[in-house]
Amino acid sequence: MRGHGWKWLLCTPALIVLVLAASGPLLIVAVYSFLSPGNMGGVVWEFSLEAWFRVFFRRDIFEPDQVAWNTAHLQVFWRSIWLSLQTTFICAFLGFPTAWFIATRPRHTRTIWLFLITIPFWTNLLIRTFAIQEMIRNNGTINAVLIWTGVIDSPIQMMFSEFAVLLGMAYVFLPLMVLPLYAAMEKMDFSLVEAGYDLYASRLNVLWHIILPQVKPGFIAGSILVFIPAIGAYVTPRILGGGRTMMLGNLIALQFGQGRNWPLGAALALLMLVMVVGALIFYLRVVGRSDGVRRG
Amino acid sequence: MSQEIEITGLNKSFGQGAAAFHALSAIDLTIATGEFFTLLGPSGCGKTTLLRIIAGFEEPSTGALRINGKEVTGLGPDKRPINTVFQSYALFPHMSVAQNIGFGLKMLRKPKSEIKATVAEMLQLVRMEAMADRLPSEISGGQQQRVALARALAPRPRVLLLDEPLSALDLKLRKEMQSELKRLQTETGITFVFVTHDQEEALTMSDRIAVMSAGEILQLGPPQEIYNAPVNRFVADFIGDTNFLSLRVKAIKAGEAVLELPGGKQASARLPASISPSVGSRVTAVIRPEQAEPTPAGQGEMQAIVESATFFGTDTHLHLLLDDAQGFVLRRQNRPDQPSPAPGTNLGLTFAPGALRVLED
Amino acid sequence: MGCAVAKARFSINRLPGFGLIAVATFVMLYLPIIILVVFSFNAGVSQSHWDGFSLRWYQAAFNNSQVRDVSLRSLWLAVTAASFATILATLAALGTTRVGRFPGQTMIYALINQPLMVPEIVTGIALLIFVAAIKVQTGYTGMGYLVAAHTAFCIPFAYLPIRARLETLDHALEAAAADLYASPIQAFRYITLPLMVPGILAGFMLGFVISLDTVVITEFVKSAGQDTLPTYMLGQLRRAVTPEMNAIATLFLALSLMIVTAFFFITRTRGR
């Protein structure tokens, strides 16, 4: 038939903007990670592997040949991964019953519940983090209530801890778990559940053998949707974690601020990108496989 | 009668090389002005492709297509004096019934007053005057069907193409719309090209039918001819119900074959020109279920035993086993005074001369 | 059918503890926000002790010229970026939807969806590096960088509903228009475009909300004096905050809520 030229022509304006302001800069990041840092930020155009070296190791200040693991960095990586996994788990634990609750409402009220989950999804992450801060500050709501009821005498320190970051991330990312789970449940064939009960399955059996296999794609999608922004989190750990419970995103930002080491920041950003792409590939593989089983 | 559509040597294939799919092969077809013409065939036979080529949505790979004597291949659908009633109706959801009907005239840049008058006339024609300002989503399926018809008729096309327009309607509504369509066609005098896979619809409405299979026209003729004298096994099987019998040729004389019936009696049937079996070989012969009649056992051309009977209201289908174990279905009209024979009953079968036909396989 | 569903629900609903966890989840989701809103009306300075109803913090917010500036900048930026993104996404959707597979399609999808996959902090520092280099070269320090960054970031969000809308359109509608003597341009003008409007509106709204919410990218791209409402709030949160921040957040929430509600209704009613 006719050529494909016009399709490309229609896409071109969007692609130009995306390449200039989204994809292209990523390539520059890759280049910068192999340069030397400038004194006042920026880079010196000299090839160097130092940034990548510094991601994992550090040199003794006085004897540069003395090399040791950069435990501070490794701690941040580990914290990022561990907190993200925990966040995913908490969101799954709370999200599954919530999605189920919504999916089993009558049709007209279901829309309202769904709307209630969608609102936080589209409201500012910053404001929601602020709301959590208000709850757990030393003179915040929770401490005020606990002191007022006489449970405690002096406020519990909750801010600036891994607990605070975990709470905040679970809070802001929860809708990302509920929505795909709900979508999977909505598509579910409820007569299969009836058939399960009909064939003498217990509630646990029905949940395990009938419901879970059917909503598995939603589970995996939700986990990925929570895990990826959690790994990339910056605002929530910055506000609730402070300087001592940094995550990878804060470590990256630090290199462009006080750290003044742009190549290191670039290398760390690429490391984050690798983690995200790794998670995505894992997702595509798992989903691809389970789809294959379904069709087969 | 003048010729409205002339198709000569038309081929259509999708894809290229070895993977090419030949949707239509060597179609030659002439449709007369004012005719109700039906393309009939199972899904995938190429009938919709042929319709889309006439409408201008597809271009033929080779061949010529003339409308009213004018070559139209290469012209887009907006340049052809043809309108289509789509299977899904394709009513514009954001326009009212009246706007839908007036759309074609608007595109033709007709004056507003003329559009208004024609829309009113069309609304009256399809009896939808009260619904002019409704949106398509606010009217029933049958009403949507009428609007689709009115919209296609409003520009007064030379030819109206109908792509399975009744398939989305339930049985009762479908019957109603069949006579409605026939009335509209008679009143407007426009040539209708109708596509369907429903043989009953084709038989009741058409002036002529083209039976299609695998991209070819197998038989072309008026409904009676198609039903009574199918040219091959496919047509006989597709149109109506038929008993197929495998019979031995005893003799051949003057275009007729003498066949040996189950049980040993002989009957003669006309041979189609396309086949010339040798004496002693077997041929396929058909008898329509309603063209045979039961007789007392021992009488008639063939002997059979009743296996089962299925009650259909106006008639009963008797499933018989002939002497040589071939099956045979007999359609018998129900009458209160004549109960249908019980399973296990022996009976004879007779049929009028001409009911037995030899067919190409 | 309704009966079957009702019956299934009746038996399944008793998955132990599910209802309780679900209700607790909804409470946890909304309680912090509700408290935040409530204390924006507090007469006192405390955010945990209620001193009576007052609108003083709203008054303070309105009289704060800095808040006014950053709010107007945020709104201007959101409208501009969402408009550009919607136009670009509409064109791209027309080029990629319902046209069959064509070479390079996967790459186009990857490029369009890339801002969704890459963490904001990575995009943020990438733009910081890029913008710094351009600033050195050209000396330009205007809002152009933010507009471009926000536009790129909004494109995938605007693209999704427009594409979804286009995909539900029946091909036969355009065929019918052509059949009724409409030229390709007329068919687009009278049929395709009007039917795309709900998708385009939804796309604009999503883009608007996304731009309004974007904090990380703005934080790294902005030049001096280009704070938006979110980056202003991020800066303020480090200090001791007064209920004025609650008042600003509440107004912000109300705006988001209005847009999301409108979006919800537009996408719900588009069915028929």
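Details
Letters A, B and C mark the chains in the order given here, with residues in each chain numbered from 1 onward.
Methods note: a contact is a pair of C-beta atoms (placed from the backbone, for glycine too) under 8 Å apart; a residue touches a chain by one contact, two chains touch by 3 or more.
Not measured: the values here are computed from a predicted model.
Distance from each chain's C-alpha mean to the overall C-alpha mean is smallest for C. Two chains share more touching C-beta pairs than any other pair, namely A-C. Chain C has its Cα centroid 18 Å from the Cα centroid of chain A. Each chain gets one centre point, the mean of its Cα atoms, and the points for chain B and chain C are 55 Å apart. Centres computed as Cα averages put chain A at a distance of 61 Å from chain B. Residues 4, 6-11, 13-15, 17-26, 28-29, 32, 42, 93-95, 97-98, 100-102, 104, 106, 111, 115-120, 122-128, 130-135, 137, 139-141, 143-144, 171, 174-175, 190-191, 193-194, 197, 203, 206-207, 228-229, 231-232, 234-235, 238-239, 249, 252-253, 256, 262, 265-266, 269, 272-273, 276-277, 280 of chain A touch chain C in their complex. Partner chain C is touched in their complex by these residues of chain B: 55-57, 76-78, 82-84, 86-88, 90-94, 103-104, 107-108, 137, 151-152, 155. Residues of chain C touching chain A in their complex: 4-9, 11-26, 28-33, 35-36, 39, 46-49, 84, 87-89, 91-92, 94-96, 99, 102-104, 108, 111-112, 114-115, 117-130, 132-133, 148-149, 151-153, 155, 159, 209, 212-213, 215-216, 220, 230, 233-234, 237, 245-246, 249, 252-253, 256-257, 259-261, 263-264, 268. By the touch criterion stated above, chain C contacts chain B in their complex at residues 170, 172-173, 175-183, 186, 190-191, 194-195, 272.
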